[in-house]
Structures are given as structure tokens and as C-alpha cells.
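Got some structures for you, see below.
Common to both upcoming complexes is chain A, partnered first by chain B, then by chain C.
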Partner chain A sequence: MQDQDQHIASAYDRDLEAIQAMILKMGGLVEAAILDGARSLESRDVELAEKVRRGDRAIDEIEERVNEEAARVIAIRAPVSRDLRVILSVLKLAASLERVGDYAKNIAKRTTVLVEMRPITGADATLRRMAREVEIMLKDALDAFTQRDVDLAMDVIHRDHDIDQMYNALFREFLTYMMEDPRSITACMHLHFVAKNIERMGDLVTNMAEQVVYIATGSMPDDTRPKADKTAYATEAE
Partner chain B sequence: MQDQDQHIASAYDRDLEAIQAMILKMGGLVEAAILDGARSLESRDVELAEKVRRGDRAIDEIEERVNEEAARVIAIRAPVSRDLRVILSVLKLAASLERVGDYAKNIAKRTTVLVEMRPITGADATLRRMAREVEIMLKDALDAFTQRDVDLAMDVIHRDHDIDQMYNALFREFLTYMMEDPRSITACMHLHFVAKNIERMGDLVTNMAEQVVYIATGSMPDDTRPKADKTAYATEAE
Partner chain C sequence: MNDMRLGDRAKQMDDTKIRARGVNVFYGDNHAIKDVDVDIADRMVTAFIGPSGCGKSTFLRCLNRMNDTISACKITGEIKIDDQNIYDSRVDPVQLRAKVGMVFQKPNPFPKSIYDNVAYGPRIHGLAKNRKEMDEIVERALRRGAIWNEVKDRLHAPATGLSGGQQQRICIARAVATEPEVLLMDEPCSALDPIATAQVEELIDELRQNFSVVIVTHSMQQAARVSQRTAFFHLGDLVEYGETGTIFTNPEDSRTESYISGRIG
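Showing the complex of A and B:
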């Protein structure tokens, strides 16, 4: 499997596995934060929102430990070529996870603001469905990482298009609500941010799936994924 | 200066300088993208916006080269402890710059959308001033990086508070416009995104300044900077 001395290869593999275990733990916390964040928003549950906000610290701490551990492994194992690239890719996975966690925290923060405003019927449930889709994408991206499963990673990449479509539909819905009833403007502005946060989470999970393809194959996937941004902006411009 | 053999230390220093030069080049392009993006928005200059959108590719390419070069340096020089941490920090600087460049591109994209809508008097000029402030912060963060100037980096970190205040003022301004005239809602939604993009750029430049402090001193700055998010959300909730 490795061109190196078997003993060294094994020590490196064990180190890498330890880092991967941290990524999976981090991923589990981020998945929970996405679901809890969306749930706190839908049910205007300030306590749950507070839990998500507090929980973000644990996610950040794991990222720091991944960074430290990766630096330690690079320093003592001096991996080259493919091994080094895998470690650097894993650092990117951790950085993306940390940002997804931040977005979940932002959603929870909006809950504490929105609890004072009258609800926008329908939008909350759509946002929760959208968050649920992203959480499944993240779960699959992590599974693809563990299994080095390129097909599953590519599937995640393609599903990002659905998230973008849900976002575009919501954007138009919010415009309609605001024009019909100016009293809903402030709440809609906040909910629109939540929608945008979830759409960005989808982009980050897509980046993670691309890194997984890179880790498994040594090259990034063909640039054939639907250009999310273009769609979004074109639709918003209508 | 280094505990290692002088010859090796010099080779490493030269490699590091080459990477730093790439960061500075990348930073220059990102600075220009911020200013051009904001200028294209204010003057509804679709051609300039198109230039910013096309120019983002060059920024992404330098980031890729920084990643490759850092991997090469780690592989052949096997730096440890402080040296390794500096290289990993520089990778983070490059990643932050790439994201600031993306936000500038997003602003340029909004220009092509907003050109079809009637202008919101005053907001465009405020947005350009805000973008200009962030560009100066970035310039100073890059200078602080080159000079390993902790004081300048700390100054950048503190200035992020001003950006957050400008964002909060704009948020309330947009709410007022939308409530007064529902026909302005769509344009305000887009301009609000631009404001949020600039505010996020400020956060990223602040992260960069924190990395500079880390590179120069070996530890992150005390967690005393004003909590941007809390302010923003508290004000938005009013």
C-alpha cells in the first residue's frame, strides 16, 4: 500500500486514522448543530438555540486539535506527495466543518431575534427541510470520506443543485410576503439570512465532497457541477 | 535566528519568502477586486463588474500555487515546530484571501442584477465607503504580515468594530426604505447582501490579522476584541 518501510507506513496510518476519527466526531457535532439550529428556529425554542450557540465552542476546539495533530504528524512523519496532500486536504475538511458549524450557530442566533416577531407561515418548515437536506449531504460526505467512496461524494456534489433551487424559491417567497405586508419585512430579512446560511452550508459540504474525491483519486472532480451561483443570481434577478 | 544548520535555514527562509511574495501578490489582486467591485456597484458599471468576476480566477490560481508550494516546502524541508506553524498559518492567510476575493466577486455579480433596478440614494456611497475601509484594513494586515508588526495587526483587529457599526446602520436604513416604499424591496434585499458581504470581508481580514499576530508572537491575540456578531444581532433585533 505504501512505498515506504512498513513500520513507518503503519505509524503514519495510525496517526491519520486518529485525525480522521476527530473529523468524524466533529462532523457528528456539526450535523447535530444543523438540525438543532433549524429545529430551534421552527419552534422558536430559545433554550435549544442557546445550546447550539454554546456547543459551537466544542466544534472549534476539535478543529484546533486537528490542526495541532496534523502539524505534529507532518513534523514527526515527514510525509511526502500523496500522504502529505491527504493531510492537507483533511485540514481543509476540518476548516469547512468549522464554518458549517458557524452557520448553524448563526441560525440559532437568529432564533433569539425572531422569537420577538410574528411567524411567517410556511417559511420555517421549508427552512427546516432545507437544513435537513444539507445535514444528509454532510452525513453522506463524511461516509464518503470514511469509505473513500467517490460515487457517493459525486452524488453529494450533484445534490447541491436542489439546495440552490430551494433557496431561490424561498427568496421569491420572501419578496412576495414583504410586498404584501410591510410589517413582515424585518422577520423576512432575518429568515432570508437563514436561507442564505443554509445555502452556504450546502456549498461548503459540496467543497468537502470535492476534497473527498481528491483524497480518494488524487484529482479534483471535473468542473461539471451545476454553477450554483449563476442559477441563484439569475433567478434572484427576475 | 534558526536552531538548525545555517544552510538549511537559509533555503527554508528563501522558500518562505517566495510563498510570502505570492500572498502579497494575491493580496494586491484582492484589494483591487474589493475597490473595483464596490465602484462597479456604485456606478452600475457592468463592464467593471465583469472584469472583477473574470479576475477572481487569477486569485484562485495563486491560492492553488500557494498550497502546492507549501506542500513542496513541507515535503523537502520537513520544517518543525515554529517554522511548520508559520507555513500552516500562511495557508490560512491564503484561504482567507481567496474567500475575500469571492465576496468581491459576489458584489460584482449583484451589480449586474442591480443595474436593472432603480437606485437607492445614499446606500451605494455608504457601501463604497465601507468597502474602502475594509480594503485599507486588508492593506494594513498585509503590511503587518510583511513587517511582522503586531501593533498594526492589533489595530486592524480593533477597526473591525467600525465596519460592524456601519453594517448595523445600513441594515436599519434598508428596513426604513423597504417599509416606506415596497417597490424598493428587491433592490434593498440585494444591497443588504452586499453590506453583509463587506461585513464578512471585515471578519476575514480580522482573522488574517489574528494569524499575523500568531506568526509574529507564537500565540493568538487575547480574546478581547469586541464581539462583532453579538453587537450586530443585538442591533438588528431592535
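Showing the complex of A and C:
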């Protein structure tokens, strides 16, 4: 990690590095779960979906280990300043990653149901693009974490806007399908939840990027990012 | 930090007790304190932290002219307590030290009874007209030192027979017996076990109601626990001075950061 100077107690450095390495490992697993979840949906691959569902346990286990290690470091080292911010942040990063993993698992679950239904033209490909965007945001958030790169983290925060807009577009698309053909309602409802899951992943990754800014600067970024999910106000007439 | 303390701080922000400007201290050729400006607030605990030899104890000793006793020591600049320059030729150091009490690293009770240890200062300064008044002064000081209940039945036993933690609280009682306005503490817990340390820390928090407390400590955690303001000294410079919570969560200077987080600076 990019914390220039070392502690006098080198075991303290090793503990901090180990706990941050766990976040990166967890992040790698979650990235794969996002991509595999979306791919399983697009290629109607039940086996891949099952793999994503099973893989969630490993993610949860790392989260638990992060929590235990963080508690241990707090108890033993009484971290202050930057070290304290790192410890507080890894707890939040791990919690966010665990939630993103859950959403990926939920996509995989819905895939196993959706394969039994008539496909909705174009939706799977759009969802996969959206998932791909979120996965890149997550990768960049993790890179920003490793490098303590505030600019990259801010860039991730701003990209959440695009995810929200993709979600808005899909929301309207599903609404249209359902109005045109009520037989598509079940599939569209499932797909809508998939879209919502990905949209929520974007929000969580945004929170992670904000934590990176906090580690690097000591304060959270100003809350100026645009909120582009307007579906809460959607009506049929629009 | 709890909210009540934040409220206290806001209320007392402007209540400066000690104002130091351009203070330099030399021990012969050694420039021990370099141009230090600092405002120490009334009814707050201010902690001085920094590595050994950084000047924090030296600066503390300037505040009650303890450095006067060292002939090679030369002090320039100005230190005012309540707008009175304590280095003014009209100031009597003995009177000053009644106003600015001090507690040292090792408990140093006089080889006298508990009662006489506490009564010593008030006697010198003629604070009691009779035995009854002196009894009251001693009891009040021992209560403030959070040691009354432990010693009230053996006030005439030698203070040196007490445990280290009790002795230190006797020394604190002795320091507050002359009704000082400022209490200087030079590593008051370094010779104490964790329980005695916690008792003295609790006591420091109570003393804050009536005194301006300045504490030098090597324990960063102690500074974080007991103080409202923290000053970090390094090589004779006052590097950073501010609200304790800020110093320990988000210090401005990289030297402060390195020191408090135990890094090789």
C-alpha cells in the first residue's frame, strides 16, 4: 500500500498490509461474481449461475476475517490518524463488497428462474453492459484504494450517474414490454430486479470510492454527485 | 469525544489562561525551545507530547519558572498568566509557584505525615489562621486529590508508606492545597500501574473543573484520553497545536502524523 513511511513496529505494518490485501482479494472475487452473474444471464448458463451462488460463501468468509483482524488491530495497536482511517474504512469496504456479492448472487438466482421463460429481446445484453460498467467502477475503486488515488476515486463517484441512467432506460423498457404483452410480466419483473441489483451495486461501489477519498484526505468528498435514478417518480404517462 | 465536552470547548474557546509569545530557551549552546507561541486555555487539559528531548518538559518548566534554578538556562520571550508577565522582575517565583502548582513524574512525598505533606504549602503561604482552618484545607485538598477516603483514618501516618498511586494522588492534593490556578504535570503516571493511572486520569478530568491543567506525557493514548488540546513538540519547535480529537484523527503536519502513529519520521 502507498503509506510512505513505516511503523517502528514492523508487525503493525504487516497487519495493516494483510488486512488491505484481504480487501483486494475480496474485491477480485466480487468482480468475478458480477461478471459471471451477468454472463450466466445472457448465455442462459445455469451452471455458471450455480457457481456464482456457491462462490458467495468465500466472499462472506473474507468479510468475517476482515472484521476479526480489524478488531484485533484496534485492540492491540490503538490506531490513530491515517492508520485509524484505514481500519475504519476497511470495515466499510468489506461490508460494501459483501453486499455487492449478495446482489451478484441474487442475479444468479434469478438466472436459474429466467432460463425457463421466454427471453426478453435485448434486455440481457443491456444488463451485461451495465454489469460490466459497474465491474470496471469496482476495479477502479480498488485501484484507487491501493494507490490512494483521489482523482480516480472521484472519477468512479461521477460514473455512478451513467449506471443510474442505464437503469432508468431499462426501467422504461420493461414497463413498455409489460404493457404490450402481459405474458412478459414475470420475466420483466425478474429482469427489473436484476437491473435494480446492478444499480445498487453502483451505489455501493460509489460509497467505496468515497471511503478511499476519506482514507487519503481525512474527509469525505462533498456530496455533489448528481442523483440520476428518477424511477421513484416514474408514471405511466411519461 | 462526547458532546458535552464539545459544548464545553466552544464555550471556553476564548478563555486563555497562559499566553506565551516568542519563547526561546537555551541551555548553554543548546537551543532547547525555538520561538514558541502558544495560548493555553483555562479550565481545560492541555497535553504536551513529543519524543524525548523535544523540549516539552523544558517548556512546561518555563510556566512556573522552575528553569530559574538551572544557572546555564536562559529564557527569552514572554509568558503571561492572566496578562501578568511571569518573568517580570516584580514577580516573586515563590508566589508564582503557589499559583502554578506542579506534580512530577515520580511521586515525591515529603518524609512527613500525610497531613503535613498537604499542609506544607498552605503553612508557608499562611493560608490558615488556625488549626481548624488548616484541617479544612487539608481535607478539601485530599478530597480533590481523590484520596481522602483512603487516608482519612491515618492522616498522621507517613505518606511514604502509601502505594505509588496513592503517593501520587497525595502529591496532587499537595499541589492543589495552595489553591493554584494552573496545575503542571510532568508525566504524572509514568511510575504508576494501569489502575492507579486510570484513577489519576479520572482525577485530572475532575481537576479541569477548577484549574487549567498542562500535562506532559509520553503516552499518546493518555494525551488522547485526558486532554482537550494537544501540542506536539519536535526538536524544540511547537510543530502543531490544536483540538485533541483533530490531532489524533487528522493532524496537519506529517511529523505529527509520524509520531502519533508510531512511524519512523
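Please note the rule applied: the second predicted complex is superposed on the first by the 215 of 238 C-alpha atoms of A that agree within 3 Å, B and C clash if a C-alpha of one lies under 4 Å from a C-alpha of the other, contacts with A are read in each partner's own complex, and residues count from 1 in each chain.
Methods note: a residue touches a chain if its C-beta (ideal position, glycine included) is under 8 Å from a C-beta of that chain, and two chains touch if they have at least 3 such contacts.
Computed from a predicted structure; not experimentally measured.
K.L.:
Just chain B (first), just chain C (second), both, or neither: which does A:G218 touch?
P.N.:
second
K.L.:
Go through the superposed model and pick first if A:Y12 touches only chain B, second if only chain C, both, or neither.
P.N.:
After superposition on chain A, A:Y12 lies in contact with chain C alone.
K.L.:
Answer with first, second, both or neither: which of chain B and chain C does A:L84 touch in the superposed model?
P.N.:
Both partners.
K.L.:
Check whether chain B or chain C contacts more residues of chain A in the superposed model.
P.N.:
Looking at chain A, the partner in contact with more of its residues is B.
K.L.:
Find the residues of chain A that appear in the contact set with chain B and again in the contact set with chain C.
P.N.:
Shared contact residues on chain A (touching chain B in one complex, chain C in the other): 78-81, 84-85.
K.L.:
Quick one: in the complex, what on chain A touches chain C?
P.N.:
5-9, 12, 78-85, 218-219
K.L.:
Under the definition above, what is the set of chain C residues touching chain A in their complex?
P.N.:
Per the stated touch rule, the residues are 220-221, 224, 248-251, 257-258, 260-265.
K.L.:
In their complex, what parts of chain B are in touch with chain A?
P.N.:
Touch list, chain B to chain A: 67, 70-71, 74-75, 78-81, 84-85, 88, 91-92, 95, 106, 109-110, 112-113, 116, 171, 174-175, 178-179, 182, 185-186, 189-190, 192-193, 196, 229, 233, 236-237.
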